[in-house]
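Structures are listed in the sections that come next.
In the two complexes below, subunit A is the common chain; its partner is subunit B in one and subunit C in the other.
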Partner chain A sequence: MALLDVHDVEVTYRTKEGPLKAAEYVSFQLKKGDSLGLIGESGCGKSTMAKAILRLLPDNGQISGGEILFQEQDLAKLSPKEMRKLRWKELSLVTQSAMNSLNPVYTVGAQIVEAIRTHEAVSKRRAWERAENLFRLVNIEPSHLTNHPHELSGGMKQRAIIAMALCLNPSLVIADEPTTALDVIVQDRILQQIVRIQKEISSSLIYISHDISVIAETCDYVVVMYGGHVMETAPVREFFRHPSHPYSLGMQNAFPNLEDVDSELISIPGYPPDLLNLPPGCRFSPRCPFADSVCQEERPELHFIGTQHGTRCHFPDRAEAFRAQAKLPETWTERPAQGQRGVGA
Partner chain B sequence: MTTANGRFIEVKGLKKYFPVHRGFLDSLRSQSKYVKAIDDIDFFIKRGEILGLAGESGSGKTTTGEIMVRLQDPTAGDIFFDTINVADLQGRQLKEFRLRAQMIFQDPYETFSPRLTVFGSIVESLKVHRIGTSAEKVDRVKEALTRAELRPAENFLYRYPHELSGGQRQRVAIARAMVVDPQFIVADEPVSMLDVSIRAGVLNLLKRLRSDFGLTMLYVSHDLSTVTYLCDRQATMYLGKIVEVGPSKVMVKGAHHPYTKALFSAVPLPNPDAHRERTPIEGEITGNIDLPRGCRFNPRCPYAIDICFQEEPDLVESEPGHATACHVFPARAD
Partner chain C sequence: MRKYIVRRLVQMIIGLFLVASVTFLMFRLLPGDPTASLLDPAFTVEIRETIIERFGLNEPLHIQYINYLQNLVQGDFGRSFYYRRPSVEVLGDKIWNTLILMLSSMIIAYSIGVIGGMILSWKRGSKIEWGGITLGLFLRSAPMFWTGMLLIMLFAFNLGWLPHSGMRTPGYEAATTFAKFFSVDFLRHLLLPMITASLYFLGTPLLIMRNTMLETHGEDYIELSRAKGLSEWRIMILHAGRNALLPVITAGALFLGQALGGQVVVEYVFGWPGLGREIVLSAQRHDYPVAQTAFLFLAFMVMLMNLVADLFYSYLDPRVKLK
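Presenting the complex of A and B:
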């Protein structure tokens, strides 16, 4: 039984231009102790899914379909009050902007103690000891607990936030681009820590990023989103060895790799879809070099080509041929009609 | 024309200090402190070459880039551009220089006036420099858009920035730089705000501009994977100093400076089985007001020995074209 079973979730935002479906038919599972990387480009719906799971969508957003089964209860149906009890205790969130969410008036230690004592009946002293252990866990000298947020460097603040997200031993941690604002070296150090801690406290992790290499090194499973749909889902090795969706193939081609500095990068022509003006069939079809008329007309299902490997493509059987052709730059050269439906066109 | 040794651009002893006022008492004692954003650097770029400038925020890369196109004035130093020293140009000469050296900025969302069409933004530099008749201006803008691979150009001329995607905006920025037919372009993090699928296209466009028009470029970025992909040679900056410079393909395999090594080893790899050997450096980049004695990297360096706390190391060549400012690496005979 999965810890988290996201099933055909749909999220709609009310906007001036009409309803905007930022996620549709999103399904994936996550077992206890496993980590899942949610990847995709800006606007594909990653943060929307994080907020939907935590029920932190803004006022104009709502879960308009599907189920989010967490420990066998549907989060989509819980009352705000029931949800508040679960948040932090069972489900916690680390975001890029969380660094700014620390209260400047109180010491970091006081804030962690407060968080612990809001959810658990423990003495201040016990809570403080736990805060010290958490700081050790994220490699900050516990004496820094008596610092105010502004006295910590960016990297330390982000680690303090991680400590806070972990302070109640949640079963699921969602990290939404937690290192994006930090310098590369600090970024890498925090990434290492997240992985180590997640294994140590055996919580489950959803790691959101647009960087496929971060996911490659951090996660057990990969879910690729594009234009609000899940395009491919697979165990991480399977995803890097046998990517099957043309979008995944394009993304892997476009990504610079320090292990292979001689290969030319190949970009995907065109632009991601405008969610208010979606192409009727496969959302990737306007940019897909393999698209056929069926792709322009019908939405493909997520076809399973292995027990845990799904691809939302009309041609799951041609994945191997696609993989070979996708390596050739001429496969991806722009066709005149393309980009017409994209954001900028 | 190029200098005798094939160097198109040569920078010598470049410094940029910003005064910091730290309070009333300091000003009474008239003790002015300085942020040494650039602290005496030398480098060159050959004609048609792309040099990368890498480093964390606060290392001085952007300031260096902006000084190279004279958007900022240097505190000291020479910038030879085709044998002319442009470091102190003023007035009409500076204006002429600006035709030859252009800049592309990081944020495609902020570099355009929302009220100007693509044509309006690009034509501005032609107007400033009084280039061409009205009809010629239109032609040049179209040609620049075509060079930036916004085709057909007519479809983009009268769009507003909000009608363009991030990638398209960055291409308009490239067109705007290209419209005056520059010889040199500084691109400061031009792809860091762009999505992966779009990023590769812009990088390849920069490569093509170099090969098709012989442009010389300075590419500024904290991301060593794009620096290594795009640049012929790269320089690592740390707190205002160049600590290593060499050919990209050599540095990616065998960087010498612990800081360059740490930067390379911090780049995640798109391979679940990769085992990165990380260079363990400590802490975070410090401010550059009160620099430590000796090597400015010593507070973070796991290899520092006595001399590193006494003397600032010079950039020394270990092989032709590959130089490092480190007392420890590569192991030296002296």
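Presenting the complex of A and C:
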């Protein structure tokens, strides 16, 4: 039984222009101790999924369908009070902007102690000692616990938040682009720390990023999202060896490959779809070089081509041919993507 | 820190000197004869001149000014023309009366205002918020004499529960200083003016708190607090509220400085022998020493409260460093 089983989840935001479906038919599983990378461009629904799992959607957002089974209970149906007990204790979050995620008026230590004491009946002193141990775990001098957030560097703040996320040994940590705001060297060090600690305390991890190389380094599984849909899901090796969805192919082209330094970077022309005005068929079809008329009319199902490898494409069996063609820059430039927005703008 | 306070105190002294000079000139520019209240028309010219000389009013303006400043530095604020007593003594009793009325009203208004503002912002978009804002604006714009009169009409005349004016029942003699301000009789007199002033003061903290708190809603640390599983109350008060408190503190401290100078209207309506009423009376009587001392005190209080607010700021927001 998976620790987390997200099944056909749909998230809708009420907007002035009408309901906006930020995520639809999103399904994935995560076993205990495993890590899963959720990847996609900005606005593809990955942060929305993180917020949906934690039930932290803004007031105008709601989980409008599907179920989020966590430890065999549906998070979407829990009362706010039940959810509150679960938060941090079982499900914690490393936020996108560590810079502003700590309350400026309290010391870092006080904020960690607060998290511990909200869920466990321990003395302040005991909680503080635990915070000290956590700081050692993430390589910060425990004396920094008495500092206010503004007295710490960006990297230290991010590590303090990681320490806070781990303070109750949660079963699942959701890290929402935790290293985006940091420089590459600090980023890498923190990344390795997250992975090491996650294995150590054997918690599961959902790592959200737009950076495919970060996911390759951190995760066991990959879930690719595009326009609110899961496009491809696979174990990480399988994903990098046999990417099957044209979007995944395009995305891999767009990142530098260390083994093949000469390969040219090819970007996918066009823009992600407008969630208020979605294409009726496959959401990637307007930008897809292999798209057929069926792609523009019918929504593809997630076809499983391996036990754990699924692709939301009408032509899962043509993946081999796609892979070969996708390597050629002409494939992406020749065919002007239909219905793409913002061309020449 | 100490350096900062010393520098601020020096600034205060310069400020007070300026205020003293301006008020000194201002009152002398007013039309009317200050000696009118000093002198009986039946006095002979000689007596008249001796009295005028005794108060130094025969000297040219600049000499009077220098004398005034000299006395001021020595702690002599001058004698009241009207009461024939040192002006500090005259104002001394009034200051306490005002202090008690204003402090109690401010504490009530700001406690209710801050908590109410938090709730209004937390319930944004609801009927509660709409009602709260309307009430806040209404109280803020209802003149104090009007609310005061309504309360007097209701509680003093129609229901007869509370006295309508004054500080004590005539003939009541307090045995001790403590009893002077904490007897049932005094508290009964205090109640109506206190409520009137509180209602009027309430609007400011309520609306400021709501507005600044609205800005904290989208902050990442609020979202993280939710993710931490904290209760809504805890997030509202300890996280959002604590961060939104600063502007209210500033407004409150500055206003307190002013309020301690007395709120003329409420003191008038309720016949409260406070500082505000005394300032108006002394200006009417051309009682320069009392009026000048009162203004000086007012300026001092505003400056002092300003300093207190700044010191409090660095405590409330650790990012504020005093230099």
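Methods note: the second predicted complex is superposed on the first by the 328 of 345 C-alpha atoms of A that agree within 3 Å, B and C clash if a C-alpha of one lies under 4 Å from a C-alpha of the other, contacts with A are read in each partner's own complex, and residues count from 1 in each chain.
Keep in mind that, in the parts below, a residue touches a chain if its C-beta (ideal position, glycine included) is under 8 Å from a C-beta of that chain, and two chains touch if they have at least 3 such contacts.
Treat the numbers as computed from the prediction; the structure is a model and nothing was measured.
Engineer: For the three-chain model obtained by superposing on subunit A, do subunit B and subunit C clash or fit?
Structural biologist: On the superposed model, which is not a single observed complex, subunit B and subunit C fit side by side.
Engineer: Once the two complexes are aligned on chain A, which partner has more residues of subunit A within touching range, subunit B or subunit C?
Structural biologist: So, of the two partners, B touches more residues of subunit A.
Engineer: Looking at the overlay, does A:M251 come into contact with subunit B only (first), subunit C only (second), both, or neither?
Structural biologist: A:M251 contacts subunit B only, not subunit C.
Engineer: Figure out whether A:K31 sits in contact with subunit B (first) or subunit C (second), or with both, or with neither.
Structural biologist: Neither partner.
Engineer: Counting only touches as set out at the top, which of subunit B and subunit C does A:P272 meet: first, second, both, neither?
Structural biologist: first
Engineer: Now for A:F240: first (subunit B), second (subunit C), both, or neither, which partner does it touch?
Structural biologist: So A:F240 only meets subunit B here.
Engineer: Taking the superposition on A as described, I'd like to know which of subunit B and subunit C A:V186 touches: first, second, both or neither.
Structural biologist: first
Engineer: So, does A:P104 touch the first partner subunit B, the second partner subunit C, both, or neither?
Structural biologist: In the superposed model, A:P104 contacts subunit C only, not subunit B.
Engineer: Return, as a multiple of 10 degrees, the angle whose vertex is the Cα centre of subunit A and whose sides reach the Cα centres of subunit B and subunit C.
Structural biologist: Computed angle, apex subunit A: 80 degrees.
Engineer: In the overlaid three-chain picture, which partner chain does A:E114 touch, first (subunit B) or second (subunit C), both, or neither?
Structural biologist: second
Engineer: Can A:H148 be said to touch subunit B (first), subunit C (second), both, or neither?
Structural biologist: second
Engineer: For the superposed arrangement, tell me the lowest C-alpha distance between subunit B and subunit C in Å.
Structural biologist: Nearest C-alpha atoms of the two chains are 8 Å apart.
Engineer: Quick check on the output: what are the common subunit A residues between the subunit B footprint and the subunit C footprint?
Structural biologist: Common to the two interfaces on subunit A: nothing.
Engineer: Which of the residues in subunit A end up touching subunit C in this complex?
Structural biologist: 54, 56, 84-89, 92-93, 95-97, 100-105, 114-115, 118-119, 148, 150, 161, 164
Engineer: Which residues of subunit B touch subunit A once you look at their complex with the stated criterion?
Structural biologist: Residues in contact with subunit A: 56-57, 159, 163-168, 195-204, 222-226, 228-229, 248-249, 252, 262-274, 276, 278, 281, 284-285.
Engineer: Which positions of subunit A touch subunit B when the two form their complex?
Structural biologist: Within the complex, subunit A touches subunit B at residues 41-42, 153-155, 183-189, 191, 210-214, 216-217, 236-237, 240, 250-259, 261, 264-269, 271-272, 342-344.
Engineer: In their shared complex, at which residues does subunit C touch subunit A?
Structural biologist: Subunit C residues touching subunit A: 219-221, 223-231, 239, 242-243, 316-319.
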